[in-house]
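Shared between the two complexes below is subunit A, which has subunit B as its partner in the first and subunit C in the second.
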Partner chain A sequence: MQRYVVGRLVQSLVSMVVVSVVVFALVRFSGDPIAIMAPPEASQADIALMRAHLGLDRPWPVQYTTFVGQALRGDFGTSVRFRRPAMELIAERYGATLELGGLAVLIVIAVALPVGVYAAVRRGSALDYAARAFAALGQAVPPFWLGLLLVLVFGVLLRLLPTSGRGTPLHVLLPGITLGWFAVAGLMRLTRSAMLDVLGSEYVKLARIKGLPERTVIWKHAFKNAALPVVTFAALLFVALLNGSIIVETVFGWPGLGLLVIEAVDSRDYPIVQAVVMCLSAMYITVNLLVDVLYAYLNPKIRYGA
Partner chain B sequence: MSTVAAGVETTLPRRRDRRWPPLVPLAVVVVLVLCGLLAPWLAPHSPVQGSLGDRLVAPFGMENARAGHPLGTDRHGRDTLSRLIYGARISLSVSVVGITLTGAAGVFIGLLAGFFGGWVDTVLMRLVDISLSLPGILIAVLLSVVFEPSFTNVIIVVVFLLWPSYARLARGETLGLKQQDFVALARVAGCGSLTIMFRHILPNLAPSILVLATLHVGYVIVLEAALSFLGVGIPPPTPSWGVMVADGRGLIEQAWWVSILPGIAILVTVLSLNILGDWVRDRLDPKLRQV
Partner chain C sequence: MTSRPIARRAFLKRTATATAAVLTAPWLPARAAAQADRLVVAVGQWGTETPFAWRQTQADKPLWDTVYDPLIVRDPKTFEYRPCLATEWKPSNEMRTWTFKLRPGVQFHEGFGELTAEDVKFAVEQSHKPDALGGSAYFFRNHLDRIETPDKLTVVMHFKSRQWIVPSLFTQYVGYQNVISKKYFESVGEQKAAAHPIGTGPYRHVEGKQGDYHRFEAVAGHWRKTPRFKELLIRRIPEPATRLSGLRAGEIDIAQVFGDYLEQAQKAGLRIHESPNAAQYWVILTGQTTPDREDYCPTCPWAGEPKDPKSLENARKVRLALNLAVNKKAIYTGLWRGRGGDTPYSYYFYPFNRGYSTAWTVPPHDPERAKKLLAEAGHAGGFEVRVNPYVQLVAQDGPDVMEAVALDWEKIGLKVKRVPEATSSFGPKGRLRKTNKTFSVYGSPPYDEPVAGWERVAHAKGAFNLLLDGTYDEEIDAAMREFDTERRAKLTQAIGQKMYDGYHGVMLGMKSITWALGKKVNAWSTLAYVPAETNYEHVS
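Up next is the complex of A and B:
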């Protein structure tokens, strides 16, 4: 187990280094920052001075080390558009992204688990067919379009819910549903098939023969054993939600990290893009690492290297 | 109740309905491919040039509808139907180019890793792990800031996101195949490693790779649309379905059709492709069910 965790940790660090090199290289390749920053009347000497001041005259490896050092201290430069440190803007916005993600996770767990379990228990029932149809549909619906559809129905036609921005608790409802939708389909399908496997087993039969109430059989005996793949998938959800949040925040004008980065793309605000890409990648890589370690802990086959 | 009886019960009906492809999804895909290939002849209007007199015309059956624009027009007076037809071309070319490149690169890497094993295998599979742990959408965002959004960017993102699955699949299959007698016989007959890899093992990988590729088409179409919607994929005014949905975002109150119709096109296409993909998998390679 230790060996596995250490190996996986090293790999995550390498991933993070790859991200930083890619970010560094792409931004440097994209053109001379001096050309954008210097006023047109600047003389050659001024430009050279500016270059030296910003450290752009030093060799690349040195520049990269400086970049990483600053990034580790949370210094990604100043936003071109807001004229404020990039990290400050991120600190302001990430709460909104967490709120949205949290609601989506709640929706996913509250809907997908019970429906998946009962679809398996009443196999072939109307509920089962509805769940399977939803799962097939759920994975084909593009999330950005679903968001607009919800805006049309609940915002424009029924005038029930606010469709943009963040404020009252009602504001988070539509973006939360949109973000959760895709994951509900996947988790529901997985729960259903895991439950079907378990429900056919001998010990579930025994529990029934013992005369236990059906609810105890389903939740205490069957579901507990069906939960392993479900738990790992639920953890992977966070990763999927992180990607999805960029899209959903753009649709609903939700002021989180995703919207921040997309707006920064529009205004070519490099420091912000750099900072958000690095922060979200770090989160993504960390969650991936935690999921893998959790999975290895639960599943000895992985631990001993299959 | 014996297990044998249960087995027969569950496998027999499946066999029967697997023989023919599901017809409705097949028809949808055929129509789509025709639209993509014949767009200039099928589309009634130009996909990028609108007439300002025809702005926000409603689809047929609604008041404010106009003959000649059965699915209405957008803010610039461009015909929705024509743009949808040209959009099929974008979706299809991104999937075909993207999946072909990814498949070729991934299979090549997987073949090398599986065939040679040892440190080659270790290095390549670590690359796969690293690639899987990087967030794809963010890479797309970064690319679009540094270079302008373009078709090439979308292809890079597709290749980046999908190559690991082809590499893993090809490696796994190669590991099994290289143990078999025909490989040993080819060696005895004096074939070199390259000949064995490409002449003898590669053709045997084809069915499972084909299955994986079919299953990916729908995914790539949604991915392209999502990137284009965010403004980091295909740049406007090219009529990508994702661009069209984005165009209609601010108009949802007055002109819902501008963004809702392209979404329906994506939904129907992807659903059909997924159903067909499942059918191809069941026909060619039922083992892959677990993947």
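Up next is the complex of A and C:
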């Protein structure tokens, strides 16, 4: 087990190094940041001055080494647009994105799990058909369209909820639902199919023959065993939702990390782009590592196969 | 005492009501306040979000102009100069020296004292910072010799050479010189001063969050204009459909609308405020540049070989054909919804500019003649062009307009290759003249004099190529060196005429910039010809 964990840890570190190289290179390959930062009046001399000031005139290996060294200390440089440390801006926006992602996860778990289980248990019922239709529709509807539709209905027509921005608990509802919608559909389908597999197994039949209450059979015996792929999906869900927040935050003017990064890309604010991508990658890799280790702990066959 | 069991339905109902009350409680007062003395403006984008002139771009103006007073304002109807912080300004020493007399008694916000000549000097001298690239920093760094302040209300600027353009750099909209409090800036430093700017304008900055919103408070009894709304909230909402929804829901009072959104706003009963002829539209025919640039393309049908008069004449015919092929009326009605049209112009020449000519009509729609011209130029079978349908600061409907043009070009036999690329990467390529000969739709804002615009964007040494490079450099330089206003106007008109006759861009027309107004707004006098929101103090 120890060897397996160390191996996965090394793989994760290699992944982070690769991510850092890719991020560093992509930001620079996509164009000269100075060209968009400098105003129309700037001369070539001004541009050269600015390039030197930001250290962009140094060779790429030197820039990369500096970037990694500073990143390890949590310093991703100063935003060229806001003239504030990139990590400070990320910290300022992170709360908003966590709030949004947190609500989305809550919605996903509260809706997808019970409905998925119920649809499997009552296979062929009206609710099962409705859940399957919703699952298909939920994954087909683009979030930006859904977001605008919700704004139109609940913000403009019914005037029940604010159309955009952040401030009160009501502000988070529409973007939270929009963000969670896609994941609800996905997790619902996964839960249903996992439960269907388990419900036909011998030990579930045995539990029923033994006369256990149906609720115990479903939740204690069936769901517990069906939960493994569901847990994996849910673990990665939160990070995936953070990524998905880019569209939702843009539609709702929600001042989170997604909006920050999309604007940073647009204005070639490379310290922010680098910092956000590195942070999200680190989160993703860490969650993956934890899931791998958890899997190996739960199922020893995995670590022997590694 | 006996307790009566509560019914499940009643319990759920009461719980739901209580939850709704708790959730709504903090929101209701905010909404109520929004109904009264608060003006909420939604903008799609702003720039570097810094209030400082030496770092600012034009996109920052909607956010900060109301916190400051410029030295020179403009007449809202004619765009002409009017005194503001400066009561008078005059040149001497053959325009090498400019003297500004300041208005006495103007106070900075939050008790930072009276505005003096030292504050003006301090603000302008920040342009000498090595990383100061905003606004007019380049001009001052290269041309300013020194600034003297003989008394507390007199600023004397000495330049290394004769400069007629100086007043324009201190004006509303075109200028960038927000006068900051030296005392405040030195006491808190740039970062804090940027987060909470102190100015002398009709609105005082209260608080804000970068990239999200900024809240301002009206200055009671302001010397220039006391705003009608006590509170101003400027929010950044990038999605135009969401901005429109906010307007319809009554959460937003002012937001720019265009195209389909304009029509939807009208259908929803919102009033439309229009700034007529605020943006000249043309298609940039990239490739007309100097041989040292990557975009240089003597073999491109629309550019021609500079040393071959026949090739140049054929290229001119091709450019005229590209102009004639486009159905401008369809753009005016279909995309601009009648908010814009064929007001005559030459590139950067607005109706208020000296030397403007009404003979500079937008070329008509004549596809048959376009085909003949192409045949005469040796391109009867057409040729391939690359177009980038992208959103530009002033031409926010750029993708739609570009597609309309592309469809018309295809009708005369051109093969149009669409290569969409975002502003973030395409803009820098324009600066570097490395667009791979890709055309795009451009919306031009006004300059005080067209030659000031040409020097920046139609000159080989200019920062961008937004029309052409090299061809008129000598004439532009000559106009910039001419200090007699009348003679300069004649030189400028001659260049404008040549540019018009050369059909260097595909002229589309002049578009109005339109805003939708909520019920709280009665009237708003925006500046004529200006495509950005800069004067919320005039909203009533």
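Just so it is clear, the second predicted complex is superposed on the first by the 266 of 306 C-alpha atoms of A that agree within 3 Å, B and C clash if a C-alpha of one lies under 4 Å from a C-alpha of the other, contacts with A are read in each partner's own complex, and residues count from 1 in each chain.
What we mean here is this: a contact is a pair of C-beta atoms (placed from the backbone, for glycine too) under 8 Å apart; a residue touches a chain by one contact, two chains touch by 3 or more.
Here the structure is a predicted model, which means the values were calculated and not measured.
Colleague: Where does A:Ala140 make contact in the superposed view: on subunit B (first), on subunit C (second), on both, or on neither?
Modeller: Touch partner of A:Ala140: subunit B, not subunit C.
Colleague: Taking the superposition on A as described, I'd like to know which of subunit B and subunit C A:Val27 touches: first, second, both or neither.
Modeller: The answer is first: A:Val27 touches subunit B but not subunit C.
Colleague: Going by the contact rule set out at the top, does A:Ser15 touch subunit B (first), subunit C (second), both, or neither?
Modeller: A:Ser15: touches subunit B, not subunit C.
Colleague: So, A:Asn243: does it touch subunit B (first), subunit C (second), both, or neither?
Modeller: first
Colleague: A:Leu148 contacts which: subunit B (first), subunit C (second), both, neither?
Modeller: both
Colleague: Kindly classify A:Asp46 by the partners it touches after superposition: subunit B alone (first), subunit C alone (second), both, or neither?
Modeller: second
Colleague: So, A:Pro169: does it touch subunit B (first), subunit C (second), both, or neither?
Modeller: Once the two structures are laid over each other on A, A:Pro169 reaches subunit C alone.
Colleague: When the two structures are overlaid on chain A, which partner does A:Asp266 contact: first (subunit B), second (subunit C), both, or neither?
Modeller: The answer is both, since A:Asp266 touches subunit B and subunit C.
Colleague: Should A:Tyr284 be classified as contacting the first partner (subunit B), the second (subunit C), both, or neither?
Modeller: A:Tyr284 sits against subunit B, while subunit C stays out of touch.
Colleague: Show me the subunit A residues, by the header's touch rule, that subunit B contacts in one structure and subunit C contacts in the other.
Modeller: 30, 148, 151-152, 155-156, 250-251, 265-266, 268
Colleague: Can you list the residues on subunit A that touch subunit B in the complex?
Modeller: Its residues touching subunit B are 11-12, 14-15, 18-19, 22-23, 26-27, 29-30, 136-137, 139-146, 148-149, 151-152, 155-156, 242-243, 246-247, 250-251, 261-262, 264-266, 268, 270, 273, 276-277, 280-281, 284-285, 288-289.
Colleague: Could you please specify the touching residues of subunit A with respect to subunit C in the complex?
Modeller: Interface residues on the subunit A side: 30-32, 35-43, 46, 49-50, 53, 81-84, 89, 92-93, 148, 151-152, 155-156, 159, 162-171, 250-253, 255, 259-260, 263, 265-268.
Colleague: Going by the contact rule at the top, pick out the subunit C residues touching subunit A in the complex.
Modeller: Answer in residue numbers: 23-24, 26-27, 30, 48-50, 55, 57, 130-131, 133-139, 141-142, 190-191, 194, 209-213, 235-239, 241-242, 245-246, 248-251, 422-425, 427-429, 431-432, 456-457, 461-464.
Colleague: Going by the contact rule set out above, which residues of subunit B touch subunit A in the complex?
Modeller: Subunit B residues touching subunit A: 126, 129-130, 133-139, 141-147, 218, 222, 225-226, 229-232, 242, 245-246, 248-249, 252-253, 256, 259-260, 262-263, 266-267, 270-271, 274-275.
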